[in-house]
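Take a look at this one; I'll ask things after.
Chain IDs A, B, C and D follow the sequence of writing; residue 1 opens each chain.
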């Protein structure tokens, strides 16, 4: 191989290549075989993910390295997030199987797009160069725009896709504007050069501040943090439920990875300039997300607002600015994957999204209802669940940093959040079922997804040590 | 033998096995749950004799690594204080289960599952010597109790369940921040991060830090007790809960708050606690008097009993505020006493409600004529609750008053007023329900206590008398831990 | 520096169009304006720094713009088949 | 006034004026034409910046590709039917205020910016330079962008095609 593309480069790129290959294979099979292929698509997606996992595992065996002159950095941080993406994509694929049939939009492109989105996300976690990150982000985003509009017959799906695209493209534009300033600042798009250039400038240098303002606007939009959150409730509500699950989890944690890479990497030395911004965004997100969620009657919308609040907690971990905080962000991200996917799996299992659809669920499907309680308790952050461990670390980090007031604010919102999460519990357990609601059988995919997320959510709460050990290694130096 | 772990694991194992029993086999479910809880009592009872009263520190300690990265362990053990509360829990668990035998006809399996989970959480809280573990159990009891009230409660159950839940959670999140801060500050002091209680007790926290932490912990525990002005969740929750829920709520859950003070707040932050003692005392006296006065105005039998808890828990916190050996010992014993007498009262209200489906005091009167045995038991319960000599309540309240008197005579005087008021509303309740003529014809055919009901009240009656007549063994268990604590507090 | 001013102007005009207009096609055009602002910045900085990285970045931005426009118009067509409007706030099944 | 300055102002006027027209015209067709003017202005600026490759790319891809796509869709869905309708959001003052604040903040910051010292471009031709940079330093995004375009093609076909 040439010096443009070495073995190391290839090794670094391999997971993305596999994802892209299997994605293309799905497109191709669907195109060639049409209807007949549809039953087998899952059989193509899961091995693709398994092979990707194998490559990730191989990458994890060796010391961190960079490839393509520093455009990609394969380190524990990137691998941690990629494992989360892998888990997310796998569970979403399982969840989608029956759902698409029910919605009569069972098309092969779907699974291809799921894999392509993951391939884009791969570069958000390991990319350390602006163009790579930008193109990766757009690959992921465009896949999500299409997925959000996948139910072509449904106006709600159309509109969700449209809103997501308009605002998403806008935010990408702002982010790209920020990137252009970073390039102007350093004359290079590689993180190492930018970090050196930013470090050489004085604190609150106008050019750095400009870059930070625009970059944070773009990134906050992507993680659905206030005040750039307004798209999330509409898109979450309108998109097909399986896609919402992917969007809420995959897109959010990929953007969190992007945020950490950018703000702790090239912008790390300008901490004084961006920390107040993120702090305000965190507190506003907590407030807006939690208060707006109080009055929602659509569970998808409720989860959208709660995910805005979760973005606030994640930002608090970054704001704390110590190793514990970053560990907390990683743990929180992991917990967020388990519990949010679980909650959406329940919604898919009961084929409903309004609070009323859950009435009497405890009678119809006690196991599903019990699992939902675990997810909701975890989302709220009570022990013994994964969500508690994440919040615990965030609070600990804030206290270590001496920010007691922030810790207290975060804690008080836990109580607020419990109120709306337990409205869901109340519907499932305390309200009688509406007349004529039949017990819906769960597809095998939903069963597996519920089992995996339930065990992980509860397991990581009762015995969090493995998750903690894993997350410790994933902290960006 | 890992005695405490076995005791703790039993309800959890019982819970898991119960899930495997088909929900339609209600008989099997009932039998199993009662057997498990009785088994727990059988496991706990020998602790009373095996406990070494002359040894200091914690006994039956078991430790296992849990979250090494955080310095949290699975660490259980008991001293005299937790011994009494563990025994109380182990006793009230089966009592509550047995009392629900007929009362719960709907969703039986879920009910007993929640009961077992609750028992697990309650025992775990009193056993844990690791603060994170303590907090996990502190929160764990909330969910089953929410369901107990919300599913099997009275008419306003949804409201009451949510109110209970949100109040306690609001307190406990602040407690959590306090725990995290203590962990961090203590870790700085000790040079290593740990949640182990005995380790953290060695940290010398500056008074300023102690103050912040004390009030953070205070909020969590004061809501749980509940102290005035955080008590407003209690009447709703107690009144709407099913009998078993009320028994466990009043009998055990409230003690989590006072136990939190004794186990954590006072020993960990002695300087701040001493400063805060007058505030605690004033709030306690307010609770004693306010609770009693409200009781005088109650029309609802069960609500009256609920409000009496506010008043009686005021005595427990007053004993804590005294912070001397008498006050502390009296407080712990009074926690047990309150667990016994209030549980009795709730059981009896529940039995009447099962027969008549009303709780209005005005609907009753002269029940002593149709239900003489019931009236006898009720009399003992009322006397015990009112603190009449030769019964348990007297011993507890008297010791607390002794403790409070040494510190501040005004406190003791005000509390005596509370005892008088307590006697007044309880005896008046007794007179209105049991004595006089049988005014309401619907009450004429009421059956007296059944054998099963006797089985639930007899152990409590026996204990009430036993403690009242011969309190020495109970104080003997408490002596060492209480003296140690009073020493830490410098009193 | 002058180029940067033009770029800022394009950015602001694009933002204003996006926030104020109701016509979806014009909103998509506003996004193109924003991306052009980015590109102008990139090319100006590329000249300033004497390397071609900025121009390369600009090529990628154009590719992204093409992709976004294609998907955006695709969604628009799907929406138009379901209901005949292109005004943003008539897209109101979900609260805007 | 030098010739270069003259061209700069001319192209800048085209770019900004076209942009301003594009976002204010009620008719989508007019807006598209105004957008073309703006894009041409930007292309001219590229030429002044000696970015010949981008100048060509701008004309072919943007003006030849994207704009055509816009016009095509405008015709297809008969967009101009909406001409008589209200053209601005009801809550337009909010949007205007946000834009104004952002504009002031950004302009003030830009006015204080100090760029690092300028470097000279290498003497090689622009197209070679761009190609070299693209294929040497930016191989990854080059590969990824093909994925991006694939997704866009599949997605837009999927969304826009008629239902079976």
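The criterion applied here is as follows: a contact is a pair of C-beta atoms (placed from the backbone, for glycine too) under 8 Å apart; a residue touches a chain by one contact, two chains touch by 3 or more.
Treat the numbers as computed from the prediction; the structure is a model and nothing was measured.
Common partners of chain B and chain D, by the touch rule above, are A. Simply put, of A-C and C-D, more C-beta pairs touch at C-D. Chain centroids computed from C-alpha atoms place A closest to the centre of all protein C-alpha atoms shown.
The mean-CA centres of chain A and chain C are about 25 angstrom from one another, to the nearest whole unit. Put simply, the C-alpha centre of chain C and that of chain D have 7 angstrom between them. Rounded to whole angstrom units, the spacing between the C-alpha centres of chain A and chain B is 43.
Averaged C-alpha coordinates put the centre of chain B at 64 Å from the centre of chain C. Contacts with at least two other chains are made by residues 106, 110, 113, 115-116, 119, 137-138, 141, 145, 148, 151-152, 155-156, 158-159 of chain D.
Counting only residues that touch two or more partner chains, chain A has 131, 134-135, 138, 142, 145-146, 149, 152-153, 161, 184, 187. Residues of chain B found to touch two or more other chains are absent.
Interfaces, counted as pairs of touching chains, are A-B, A-C, A-D, C-D. The touching residues of chain D, when paired with chain C in their complex, are 8, 12, 15-16, 19-20, 22-23, 25, 28, 31-32, 35, 38-39, 42, 45-46, 49-51, 53-54, 57-58, 61-62, 65-66, 69-70, 73-74, 76-77, 79, 82, 85-90, 92, 94-96, 98-99, 102-103, 106-107, 110, 113, 115-116, 118-122, 126, 129-130, 132-134, 137-138, 141, 145, 148-149, 151-153, 155-160.
Within the complex formed with chain D, the chain C residues making contact are 1-6, 8-17, 19-23, 25-26, 28-30, 32-33, 36, 39-40, 43-44, 46-53, 55-56, 58-60, 62-71, 73-78, 80, 84-89.
Residues of chain C touching chain A in their complex: 4, 11, 14-15, 18, 24, 27-28, 31, 34-35, 37-39, 41-42, 44-46, 48-51, 53-54, 56-57, 60-61, 63-64, 67-68, 71-72, 74-76, 78-79, 81-83, 88, 91, 93-96.
Across the interface of their complex, chain A is touched by residues 105-106, 109-110, 112-116, 119, 135-141, 143-145, 147-148, 150-152, 154-156, 158-159, 163 of chain D. Listing the residues of chain A that touch chain C in their complex gives 130-131, 134-135, 138, 142, 145-146, 149, 152-156, 158-163, 165-166, 169-170, 172-174, 176-177, 179-181, 183-184, 187-189, 233-234, 237-238.
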